[in-house]
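Below, chain A partners chain B and then partners chain C, in two separate complexes.
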Partner chain A sequence: MDFLQRTLDGLLEAGPYALVGLGLTLGFGLLHRVNLAYGASAMLGAYAGSWLHVRLDWPVWAVLPCVVLATALAGLYVQWLCFPDTDRATGSVQRASSVVSGADSREVVALASSFAVWMQLEQLCVNLLPRHLNPFPDIASTHEWSLGPLGLRPDRLVMCIAAAGLVMWVARWIHTNRTGLALRAAADHPLAAHLSGLRVPQLQRWGFVLASGLSGVAACAVLALEGQVTPMFGMWMLMKGLAAAMIGGLGNLRGLLWSAALLGVAEAHAQALFGPLGRDAATWGLLLLALLLRSARKTSWAPAGGLHA
Partner chain B sequence: MLEIRELACAYGKIEALRNVSLSAKAGEVTCLLGPNGAGKTTLMMTLAGILQPTHGSITFEGESLLGLSPAQIVDRGLALVPENRLVFPALSVRENLMAGAYRRKDRAAIASDIEHQLERFPRLRERIDQLAGTLSGGEQQMLALARALMSRPRLLLMDEPSVGLAPKVVAEIFGIVRQLHAEGTSIFLVEQNVHMALKVAQHFFLLQQGRVTFSGTPTELAEDDVIQRAYLAGAERKPEATEA
Partner chain C sequence: MRDALCASEPGIGLAIQMIVLCLVALSAWLVLRVGRISLGQQAYFGIGGYCTALLTTVGQWPLDIALLAATLGGAIAAALMSWPLLRLPGLHYAVASLAVAELFRLSLSGWQYQVPGPSGTPVGPDGVHGFRDIRWLFDHQISQFDYLMWASAVLIAVVLALVALSRTRLGLAMKMVGHDETLAASQGLPVHRLRLLATALAGAVAAFAGGLYAHQLTYIEPALFDPMLGIHAVGYSMLGGLATPLGPLLGAALDLGLLEATRWFEGWRMVLFGTLVAVFLRWRPRGLLDETLVCRLRSAWQSRHHTVSTAMADQS
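Let's look at the complex of A and B:
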């Protein structure tokens, strides 16, 4: 029975993992770049929310949209600083020629810059609220439903269903909406997108802000259940998000749902068997396994380019 | 219709185009010939707004195209079918066509134009939900052409549509070029296959090492000794790597 309870608890953890992986999956799918400042942007949004809650005593309904907005703005800042338009934004021949030749040596620079901005944003958060534990508006319920011998937290269930719903909605939107088509086209072949009349720099910027906004939603969902935010939150978001996104196939939205469920269940069982260290070991073990399988199959990330449902 | 005057373009310190002046008339097929590295693709990318010239002017129907973004140039009525097709490989054939009409807002007319392109290219209809990256080279060329036509261009720019394709597919593509010309579409064609180009174009330019070295009609082209030796005679002997 313990096994079933742990499996159920693990499945309910899939909600937060799917949400934190969603922004990274979308960001990678649209820009083909890994944003290391992803967690730090969400952390800045969360700290802004905590500050509004603690210092100005704002209610939860006012704080949560501000968290999403602050995270999206932080994302815009990261995009402007680390992921400038990968094509002719300035109109200079030098920049444009790299599009024609396909040469792009800026990937490594972008990755390193996003690491530096991660540090910068984390420091900004700590300066904003220097305490280790900072209250966050709490909407968690202590109520528990009984399903025979099993216990079920309704707040976790709602979060899990909402997360799955949001991922599926994003997947559908990206594949049925005109702007979604343009975002995928710009990600798939920027030069062909330019020639088709798509405004690639604006689309890339919009996609990045969208991914950041979704990470703000993830931060709200996770922290509203926890009731507090610490300086470790950014690192947690990045690591769990990366693990969920990479195990799911980085750029694959349906794979993200499966990987979040797998991650949650594996962690719950590992924690019960080996303690908190076992939980982390399960995460990195699964990630390693996913990398090894990918390497053995010789498949690249985002196999046909773009973002996949 | 299209006037290019003293155009220069460079990649850093390397000059790709030097004082290029040429023009294309409405309703005609104008062909630009030239060897590899002459600057033909650079010229096409400059016309499409991907590259910015360092000197000179480009006017289309009396309006300067300098400083315009690729999207604004598509809005002005130019569409480029690039060399090597450059379709969206992870999008379906239908999505590629819809992306070509992205600047347009008239949904009903877009749906009608997709149907029109599928009538023009029946092989694309068979593969309508297939990913473009899985199409053959010839089918990708047809898709790239159909995608460009989806923006309803007044001047269609085509960069070496025959490169890497089997002779049968090349004949098919040039058949469509003739059909488009008959329908009144103005075409500016970059091509190395002079034999095929002679069948469709009304005016020729030769670009060598970034400069225009010849301008004339098909008859004048066929009578030019240098072109005879470099293109017409050689083209018959030279085998081509092809892809169906």
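Let's look at the complex of A and C:
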């Protein structure tokens, strides 16, 4: 029975993981923006929310939109600093001369500069609220439903369903809506998108802000159930988001759902068997296994050293 | 928790830590050179630290031999771990290397192997508490200054060896793989093997740095080689420039130099540093010592050398 309870708890963890992976798979995978400051932007939004909650005593309904807004603004800042607009005259993205492996050197540079911004945003958060544990508006439910011998947290269930709904909606939007298609075109084939009359720099910018806003939604959902935020949150967001997004296939929004469920269940069982170290090892082990399997399945998959598949 | 990147000791301690960070940055640079980004060089740093400490405390080996053995161990571990991963494309390889490093760190956090030391107290890895009492330098009365001189000599030797390597056919082949692997493969170069060799060399350099660090600090724990160390190492290479082995050294010096220089901005140091690095990379996306600058410096040096030689010939 413990096994079933742990499996159920793990499945309910899929909600937060899917939400955290959503912005990341959209940003890294579909928009080709390798942004290491992904977690730090959400952390800045969460700290701003905690500050409004603690210092100004704002209610939950006011704090949560502010968190999303602050994260989106932080994303705009990261975009401006680390992903400068490409050739404005043509809107084209000409590959800069290669520094690393024939890959777009700007992507490698963006990786390094977004890391610097990560450090910067994290320090800003700590300056804003220096304590390790900072209260966040708590909307977690205290009671538990009974399903025979199993217990089920209704707040986790609601979050799981909402996360699945949001992921499916974004997947549909990005593949069928004209704006979603334009975002993908601007990321995949900027020159062709420009020649089709699309405003590539604006689309790239707003796509990035959308991915950041989604990470703000994820931060709200995760932290509103935890009731607190710590300086480790940025790193947690990035690492869990990477794991969830890459196990399901970077850029694959439907794969994100099952990978989040797999990750949640594997972590719950590993924690019960081997403690917290086992939980972390399960995350990294699964990620490594998924990458190795993918590599073995697609031997001819590696392009000429492209940064992303 | 002490951070490997937090150079809090002034003077000689800081200088040794800078040398250690330069070596880790060089190891990240070597992987970048062949067209891959490794966020997991901290794993080999940890392997070097633990291997050297085990050999000098439990095995009672001399430090230099222990460091050589750990360096070899780091190279073998890097080659074995990279063998299945190197076919992954860029970002996937970067994340896979991070996953390997994290799995290794978590394994060390659960590893306990302690034996009675010379003074009766148990020595050896003790899970998350790390490996304490690595006292070889104290036991053999090696001063910090002597250790610094020795470490500096090793760093200079590594840089010279890498410069010499980059001028050989092997070094040029590695550079070619880094620039365009398809072109390199069409020229008949064994791309995968060249990458494997570079990652093995990088693992050796990082392991050596780990051994140096463990003995300077007399203590090493798994938390010291968290992802931040690997990401910083890549950042140093990008900041300093990828054209020459001096680039990562410059990047590390700028980072630690700026951190030290702006200490009076306490609390806002990383805010300032983050902005500086991001703005700097916009201005010089290929780092300070990029190919263009290195070519210009080389041409200036050669023309100056030529002028002086001509003047001397005229005088004689």
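In this section, the second predicted complex is superposed on the first by the 278 of 309 C-alpha atoms of A that agree within 3 Å, B and C clash if a C-alpha of one lies under 4 Å from a C-alpha of the other, contacts with A are read in each partner's own complex, and residues count from 1 in each chain.
Just so it is clear, a contact is a pair of C-beta atoms (placed from the backbone, for glycine too) under 8 Å apart; a residue touches a chain by one contact, two chains touch by 3 or more.
Because the structure is predicted, anything quoted here is derived from the model rather than measured.
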| item | value |
| --- | --- |
| Touching partner for A:55 - first (chain B), second (chain C), both, neither | neither |
| First (chain B), second (chain C), both or neither touched by A:292 | second |
| Partner chain(s) touched by A:182 [first = chain B, second = chain C, both, neither] | first |
| When both partners are placed on the shared chain, which of chain B and chain C touches more of chain A | C |
| Contacts of A:111 with chain B and chain C, given as first, second, both or neither | second |
| Touching partner for A:195 - first (chain B), second (chain C), both, neither | first |
| First, second, both or neither for A:82, with chain B first and chain C second | second |
| Contacts of A:172 with chain B and chain C, given as first, second, both or neither | neither |
| Set of chain A residues, in rising order, touched by both chain B and chain C | 96, 99-100, 304-306 |
| Contact set on chain B toward chain A in their complex | 9-12, 41, 45, 48-52, 54, 67, 69-71, 74-75, 79-80, 82, 86-91, 95, 98-100, 102-103, 131, 133, 147-148, 151 |
| Interface residues, chain A side, partner chain B - complex | 88, 91-94, 96-97, 99-100, 178, 181-182, 184-185, 188-189, 191-199, 304-306 |
| Residues of chain A defined as touching chain C within the complex | 28, 34, 36, 81-82, 84, 96, 98-103, 105-106, 108-109, 111-124, 127, 235, 239, 242, 246, 250, 277, 280-281, 284-285, 287-288, 291-292, 294-295, 299, 301-309 |
| Complex contacts: residues of chain C adjacent to chain A | 32, 34-37, 84-85, 87-92, 94-96, 99-100, 102-103, 106-107, 109-110, 177-182, 227, 231, 234-235, 238-239, 242, 267-271, 273-279, 281-282, 285-286, 290 |
